[in-house]
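Next come two complexes, and both contain chain A; in the first it sits with chain B, in the second with chain C.
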Partner chain A sequence: MSELTTQPAAPAEAPSALPAAVTAGITANGAAGHAARRGSGLRKGIVAIVALVLLFALPFVSNTYVVFVVSLTLVYAVSTLGFNLLVGWSGQIGLAHAALFAVGAYGSSVAVAAGVPFLVTIPLAGIAAALLAVVIGFPAIRLRGFFLAIATLALGMAIVELLNFAAPITGGGGGMNVQVFALPGINDAASTYFIVLTVAAIMFFLVRRALVGRFGRTLQAVRDLGQLSGSLGVSALRYRLVAFALSGFVAAVAGTLYAQLQTFIFPAMFQMNLLVPMLVMVFVGGAGSLWGPLIGAAFAIVLIEFFQDLGDAQAIAYGIVLMVVIALLPGGLTSLFRTLGSSRFAQRLYRRRASTEETS
Partner chain B sequence: MTATAPETVPRHAGDTPVVEFTGVGKSFGGNTVLENVTLAVRPGFTGLIGPNGAGKTTCLNVVSGYLQPDAGDVTLRGESVLGLSPARVARRGVSRTFQTPRLIPNLSAVENVMVGGSRHFRRGHLAELLGLPSARRDEREQRERAYDLLDALGLGAHPDRPANAFPIGSQKIIEVARALLNDPALLMLDEPAAGLGAEDVDHLVDGLNGWLRERPDAAVLIIEHDLELITRLCPTAAVLHFGRIIQSGAPKDVLRDPVVVEAYLGADLAAGD
Partner chain C sequence: MLQTLVSGLESGSWFALLGLAIVVVMKAADVPNFAMADIGLVATYVGISLAGAGVPFWLAVVTTLVTGILLGVVIDVALMRRLAKYGHFPLLLMTIGLSLALTALTGLVWGHDPRSFRAPWTGAAIEVGGGVAIGVSQIVSIVVGLLGAVAISAFFTTPVGAQMRAVAENRATARLVGVNAGRLSAIAWGVGGLIAAVTVMLQAQSALVSTLTPASLIIYGFVAATMGGFTSLFGTFAGGLVLGIIQQLVGTYISTAAQFSVALLVVFLVLVLRPDGFTKGMRLRDV
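For the complex of A and B:
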């Protein structure tokens, strides 16, 4: 009897059955969590607040086009925040994100049309999508890798298809107009922008707080150790399900804002041509990083300008970008900054600066 | 996802077994891996030795809930653990390490250790999200304990380095610290000394001895091929061969037993040595 006989006995689940390149992308993201917490916390807080104040001033100093583009970037950043939590932090390639985003957009718009105040629909749509994500996640958390991806993709597509069928409420394939909420005394574009910015700031604050502490550590344990995390007293399935719920909540919150921004929504907006750029945002920003979603969304906005005239070929173009990014930059742009920061060239710069400070 | 109160087990000092295997059997397909294994693990160190493939790791997997035996029972302080999920077994106070260290590569050493203390966080994730003082205190206390454990095991120098920056031997020690943060009634170590330098082994032994001194009612079950280490640490050792306990007692006597010598020698010859 050789070692082979005990092999099936060992809980030998591979850390995760994700495609190798994807796992590389996730693990290549260095100590994002603890680096964010260590040292200079106060300085980072001040930088964040100053940046926020400057962003609030934007509508006063620039035109509506810029305001729209920044709003859209923020909406995608929030959506990616949720997607990154699922894909990057919990290690599950769940592909129903565009559909849950649509649930937020439609849920809010339909509720507003029925007389519910828009601001109330933000958390409501989030909770509805979180419940739906739990329903999707319940079978999905037992699947890994490609099987998980296919199952969630199918469920997501079914949801978008349902929006077509529910024509009496949603307007079907022809789409529906969105009643835009405006803060009293402010024009529509600026008002939407202020709401988007406020909600984005709150979501980033909350998600960041959840991820730098015990919850984030446990999610990473579930991602990297799979069922072996059970021996640490952690129920992997439960955390995977919670990751689904949270990402669904965040997706739908972003969706409500998206509807306000687009003012007209139709089901075809939420198919592959949205899902693939959403994946691009996660991986370009850096799966499993904290600020990656912001960078990924900004990058995607540039791509959207680029690919505008491609029509149906857009999804293909995004797919190619996604493959290139995963191949060349497995940790995303945030890892690129870190790599540059620790490169020999940068180290020499630091040393030179330090030595000139000493001599002067 | 609320905070679950630690499922503490009443602790008896003295010599009552922490874990008992009674007639445990397990087979995969036609292969019998464990056969009528009866073993009492008492407080202090116990060695589990035997040739490759004897079923040692399978024993650990049966206790920690990853495998359900076909026959027999396994009890922790008198209560059966069969049918419990690995997470529930761990929350009852069973910790373990793995032959190849399984850490979260990009978390720091100390944060890896903190992952092992999940049952000692009194407050849930919602309190953490809201930044309640009690949740912060939990975090701070566990962090302190994690630093202390790394210190005690000789890894106090760079506790904030990412885990994947450590050599394999140190990673195994981080894993031991993570297991200890659970404050286990039973600690199971799967070949802890493999890949460790002599100095690391000394740190590990000192750390474990120190920990056991403070918890005289806890048990440590060690699977190890380094028989010298077993002789040094364990007052008793059991020998597993083809899934059966063929001998147990003081390591010195056990290792002189002709049946045990035969088992090891036979295995070595079969392996081509």
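For the complex of A and C:
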């Protein structure tokens, strides 16, 4: 907050009928906002880089279980990033995400088995899934809301069923082993972790670049205006399909990492039992937020790991926690911080600090 | 062939009834209820337990129906209504969470073994000639399904039903002219719970039900509702029956593994080709 006082606030010159102190307060508040906005980009960047460096050190200071859980969290965070782009930013409840995730996992694993280097399969699986996502999203031309949800749900389930039928390639319901790619010189868990972390960082960076700015705002405009956005010269249809393609790409990239992490995949992994946690992650992270996916993924993973040994009670606990969260925080867990931030108590704190700094 | 058709009509009646339950709630409360089959399962298990404890059959049936109604109303009042103003996504998730919790709760209380609701006529069959026998419970399913559809259609012609149609048509205007939308959504959930209880009970008196039943049943219910465009009662009912017959034909002549995929394909085709349901334009009796 030290840079706040250095802001050139010029309340005295303002030709205003208001008492000087009030004007000073208003200007100070405004200046605080500007300063926060100007400084926040840099500050956030530094925080992100520091966090990234700390995360890179993780395998050297903890056991393989922790490394695995953090890797899984990152994979889910990437997948949620794509899901959030579709559900939150473009406002389309497309429920084929688990299937696209599966396409990434199977696409990469099958390609690796056929001799393609793993790192090459990541973008390849992503592009394949993006094309498939456009096909799945095509009903979006005519369908809205719940109808789109049900159509995409059906298509997604059909894709997972297809994996069962394509037994010669995918091993059918019995599943298939994944050849794990390892960087030379380190053990498998750490190697997979480094790849997951790197890819996750790249995906977060790319999606952030895409969403902060013109494209993200247009997506939101299409979400809120629908066909009316045509009067702004924006093709709602094209943006909806692009959202599907991007989210499919991100989902498949996460899927390729997931296969590497699990080392064994089978179709039943990608049914409703995956889609539901994915929905939870989007919801908890807050639909339409950028860093929410990380929070959502961490929440879901902690929940899953925490309730792991409860058997039947696990599903109950899972359902009940989900219901309680929705009932208490209909805007997701991240809305809690926003609610707290805009609460009267926090507002008073901000105001007092701003005015004391101005008067001292 | 006849046996296949009857089996198709039987399971088709279950799908049709559940589809109707989904449509009723969807119209009045604007929620696609993924927990509908679970509500029916809990109610049915209550009935099965009572019947197992020596309670007369019809009393157990009535208790099952009342449980279904109560569950529906309680869920609406306690959970769903406050979320309505936050849009579609929390509502959708809430029903999914509810479905998870209810299924797991059922498993915890009653176990995961398949159960059946023994009716006085269970096991009896009627010879129809040519060595083909039709189970009485199959006939019960079909007849009750038909009666249920007629009853729901009749319900929508009563004053309450007319108000529900008004809310479905335009919520804000309906409220302006004095329709109590909250009361109506509770009624819709109650009716939905009732139909769901009937559906699962019908399945339990003819076949076995377990905690795995709701997951597949709800998908088929949604397929039926989709075929009716989520509005048409007739379309939903006919869609459910057609789906049941397709299922049985696929199961008999292709493979039982393909049944589910075919159902999914049907949804997709209907939504792409006729997003308003395949009876749209016929306008027989829309809700």
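Quick note on the criterion: the second predicted complex is superposed on the first by the 284 of 360 C-alpha atoms of A that agree within 3 Å, B and C clash if a C-alpha of one lies under 4 Å from a C-alpha of the other, contacts with A are read in each partner's own complex, and residues count from 1 in each chain.
Assume contacts are C-beta pairs under 8 Å (C-beta built on N, C-alpha and C of every residue); 3 or more make two chains touch, one makes a residue touch a chain.
All values reported here derive from a predicted model rather than from experimental measurement.
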item	value
First (chain B), second (chain C), both or neither touched by A:Ser235	first
A:Phe283 touches, of chain B and chain C: first, second, both or neither?	second
Touched partner set for A:Ala167, first chain B, second chain C, both or neither	neither
First, second, both or neither for A:Ala210, with chain B first and chain C second	first
Chain B versus chain C as contact partner of A:Ile202, first or second or both or neither	neither
Chain A residues contacted in one complex by chain B, in the other by chain C	none
Residue ranges of chain B in contact with chain A within the complex	1, 26, 28, 31, 33, 52-58, 61, 64-67, 85-87, 89-91, 95-96, 98-99, 102-108, 111, 114-116, 118-119, 121, 125, 128-129, 131, 138-139, 160, 162, 178, 182, 242-243
In the complex with chain C, residue positions of chain A that touch it	87, 93, 138-139, 142-143, 145-147, 149-151, 154-155, 157-158, 161-162, 164-165, 272, 276, 279-280, 283, 287, 312-316, 318-320, 322-323, 326-327, 330-331
Complex contacts: residues of chain C adjacent to chain A	26, 32, 79, 82-83, 86, 88-90, 92-94, 96-105, 107-108, 215, 219, 222-223, 226, 230, 257, 260-261, 264-265, 267-268, 271-272, 275
Chain A residues within the chain B interface of the complex	1-6, 8-11, 15, 27, 29-34, 38, 206, 209-210, 213-215, 217-218, 220-221, 224-225, 227-236, 238, 242, 288
